[in-house]
């Protein structure tokens, strides 16, 4: 028997039938005159998901990492200053990329479990009297720690410092699952991928660029071709693509947008918040602690959970996979061995979450964790039960 | 969001990916010379699942009900005596069919929750000194009550009575999930369908007939064409089919047999037994009772559970569906309103079962049942946990 | 390389992507309260395809052959007279079924290539002064010969004879592809299947019954359970089903009806007529003759073509399959070895038809037929070319 | 009716059922311990398709264009000399990329219809006494003109010049469809994609690098992160991936490799050559000319065909799409309006090719081309017919 349990990793997510169908399409000619009828509405309909009316959206065959590179290389030049805080594996990786592209990266080391430090950003920007800092980079939802940063606060800090740097935000594991307000927050570049909130296969890096970012594009000197905004703008304007587009993913994205809109973005966000709260109640019932330092930092798409002293989170995740055929997120970077993660985003129901909680309880019990079987499940049930009504309404 | 939770009905079952793929096939010509390469091995490879080396197997576009009709009409004549016990909805329906086809049906009324009454059969057969009874009909696994009858005991009763009637067994919800020994038990006609142990779409009635049954075919006078064994024998001998075969279901059946054989039939049976025991432990933890009157009668594919006095099992099943998007089996016939059913057959893991238990717990709590959240889950977890090792091995 | 050429058999047809997707669905509970939302509109929306506003529609897990049996057993009693002409393999098989069910079958032998003989029917009905004939059976589109009978003429003959027999019509290879007017033609029982005009997998027998047929049901004595209209009526009234329905086929049928309606039934019929005419022009260009005796008898869904004297049509069909991986229809019954068939129904384009014509030209050339490569293709191209405009409009 | 004709563009190709199934997979955790079991054999099994035993293979979520960028940025530094000939749209685009990445690009303008000019390369390399040229770039199969260059001749020229530049070859539309001998030809970097010879969805850029290329990697200074070989080497060594891999494409690639190996690479190449020759015979029968200047330059995967004076190839391709629902390749760059292209690679049969030829004949006739219907089809039939035997053997 092949095992077909849902996954509880923070992306790629479980894929709805409708999206698997949409992506299971025969070959169509991307140079045919009807390709424009697919592409243009897609680019337009992505804007509301980013919370923008003015951004240009770019779709790359690639991943969120490719989206990071597109954001940096299209708007910056070698030696440009970049301000960024390191508080997780994904902020770390973006820092590394910026350094390798010859940028002058100013890193604010921040404890893992915390989010973007608005006050420290403000101070650094105020100190940059010569305007060397051209961009502030923020990981909205740090997937490694389950921490959501306050982008509005970062924007406020930038405004308070009167600094004109671009604001670049990695929204890979937040966009389409948690509120994202590109225009309201003054975000210049926002990046996401196909395999999280959009519930598709991995394979698309999605970038939204503000008019200010597009203006910066004109003078940016970092070399680029594959990720060049200009090639995209030149071709997609007429419904073309600078190279072979992954049309099946575009079909899937079309259907994903329709699904999100049918449910309503606010309902989508509420559903994720509800699933997350159930998981956190289970964690509390187990007597464990989440990595996010404070409640307001808790992500609605992924929860990172410290294992007790003396236990190895990798062993736990491996055991759950090998013994029960269920995938959870391992601890990354500083969290390696210290925390495991439960992804609760995309196509997921309370019923599916309960199966994940039941599984990790068994796995913890198997490995001698001081956890009582059924306790986390019961805590989540109690929460989901009280709140099932509104969730079902949203799902109808 | 479309809801994609597993179902916990006693069939159709959740369908493995591999079988959905196999059934999602483009049109092939069933009159092409290669059709025989599909059909003949299929018929041969079904025999071991029935526990027979000598039976002929028939595949009908239809259902198990069609299989019942094939068994009756191919071997009996108007006015023939038929001995059968009524102890559930499906035995009741087969009785009804026999009556409508003009057979002389002798019904032994048996309490629901009990199985086939071997002693009463023996007595009735001994009393039939004129040999009017031509067939004994037994529902192996009464899906309405979660009761498995002892076919070997029925055979022993027939032998003890020295009676030559045919033994017809409905194995719709047992075959391919629970041990079935057509030859060893002296079964003459065994019936199943595609949508239970074979984990396929509904749409195939599958019948196995012993040499004795085929001999009876020669003189049977009940009218039949669609279900006529003779047309099937004449055409399938040369790799044909008497009408358009459902080739996609045949492709699926091919793959299903391969999957069952890869796992090993004994492992398949053990897996079902394990899943069933976990469910029963949950029931006990809830303080509820199963319908099966005694442990040895408990089915490994479906558990029927009495709701407490004053509760309506239909309301429970409907609530679970409407509030949580999960399907359980309603109470049928005498069990209508009094019992609900949890199907645990086919492509199902312990993790999936736990999600079903968690769901029905929430639903019971919502409706005021005296059930503590998490208790049934914990009882099943404790059992599945201890036994996960061997199950995973089987699944690998 | 697996070969994925289209098939040119007269059903099962090539399956549109949308229908494969619709049928590739996970398990849903057919006893859940939402099943009725699927079934009831389905039964209602089938009526216009039958050309009826008053018929009851029945959906059987089965085939068209099962539909024949449903029609006979639900309305007739042993010994009832049945009037029918034999002019092809499928009329022959229905005759055989009627005989085996104990009906008094009066067969008018008719040359293959001709259709239903209205005048002979009228004479036979006038001679039946005692009203022994309870039903007239007509194969609308004889798939073995590519002949379409004139049902309106049969009705006129019955009316002229003033005879009250039921009119039963096999529309398996015509309904949903060619005009069918159940009400206007006074048809009492019309039968079709899922795998022809509906472009689905085989596995559904579909029967429509007029009020007069339903009245006959009350007194009909032929034994039946699986195909009993009464069980269907009793259960589908409340959205249930007398046994496990093949829900995936029902999902497919839902989408098929939507596709047919989106295109418009008249456009569907016109498309088939256009494809058929192109095939016939190719046949003429090859210097071959169709089996249909006169132009007005030519079917729009299948063309049967005589091979020249001294050639074996079976060898041709087998060669096309083995050498080019393309399936055509073999000659059946009297046409065995004498004719081959090109199916042109369901999801098929002119472009696909041309590939079939090109293939059979190669196969004929390989086997020494006096046929010039490209001639049939050119004749069909010339026709399709002139008429491509309107076809594309219909397809848009 | 949705139209489902095959496409005749030079990629993405028509997709075999088996590959669509393989890519239609639920989410699996790419960090689970079994991911390595997928990735490592994949990388190993790609080598023979490149014709190499020593290369490292890299799989990028991206396209062939991304593969070009990976090749350049991983082995070169700003200002490095690059020698390349422009003889089509794809060589032109690679030149453009090299220029935008700050390389010193020395372009040999070559007539479109010709291939890589080995003699001119040799002269340029001999003249480069200071060794400024670090790489020679060659488009193996110029998809815009249907021209295959002689890579062995380029290698011979480099050797004759005694020059140590890297040899980079774009094999996007040749690899896995036409012979490619990376080791024998001394290719250092070879690039392809998933959507041509591998018959998958677009979305993978595939690069093979020789040991010499990997040595160059150590000193290459062009900035790169997403496409950095080093990140790939570091992670795939342990079965990981530097970012989220497109696992469904990897599943598809696994199955594609199995299919190619089952058929045998030589048989795959022979099949493409056979299909190509049939197309060229049709072109000759129409009295048209292919773009490839000489027979030895003719590609086996795509044929570019000049339209007669006074006709617009874009109008032809658009008409075929709009009137018949069939996609052909438009003329690109210098060929814009002057030539159209027929792709004949990937999952394609002779029967499918004939439908394409029949379609373009109709389209040409519709637009007044001096082409006789059926003539091209007949010429291809005559060729395919004689040679069907061996092709079928390969396909079995």
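Letters A, B, C and D mark the chains as written, and numbering starts fresh at 1 in each.
We take it that a contact is a pair of C-beta atoms (placed from the backbone, for glycine too) under 8 Å apart; a residue touches a chain by one contact, two chains touch by 3 or more.
It should be emphasised that the depicted structure is a prediction, and the values quoted were computed from it without experimental measurement.
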Pair in A-D, A-C or C-D that repeats A-B, with over half of contact pairs matching by residue number: C-D
Chain of greatest Cα-centre distance to chain A: C
Length of the line joining the C-alpha centres of chain C and chain D, rounded to whole Å: 46
Whole-Å gap between the CA centroids of chain B and chain C: 34
Interchain centroid distance [CA atoms averaged], chain B/chain D, Å: 54
For chain D, residues contacting two or more additional chains: 4, 14, 17, 24, 26, 322
Footprint of chain B on chain C - complex, ascending: 4, 7, 9, 11-15, 20, 23-24, 26-33, 60-66, 69, 78, 96-97, 100-102, 193, 195, 201-203, 222-228, 242-249, 318, 321-322, 327, 329-330
Interfacial residue positions of chain D with respect to chain B in the complex: 17, 21, 24-26
Chain D-facing residues of chain C, complex: 1-5, 14, 16-18, 259, 263, 268, 271, 322-326, 347, 349-352, 354-355, 358-359, 361-362, 365-366, 372-375, 377-378, 381-382, 384-385, 388-389, 392, 394-395
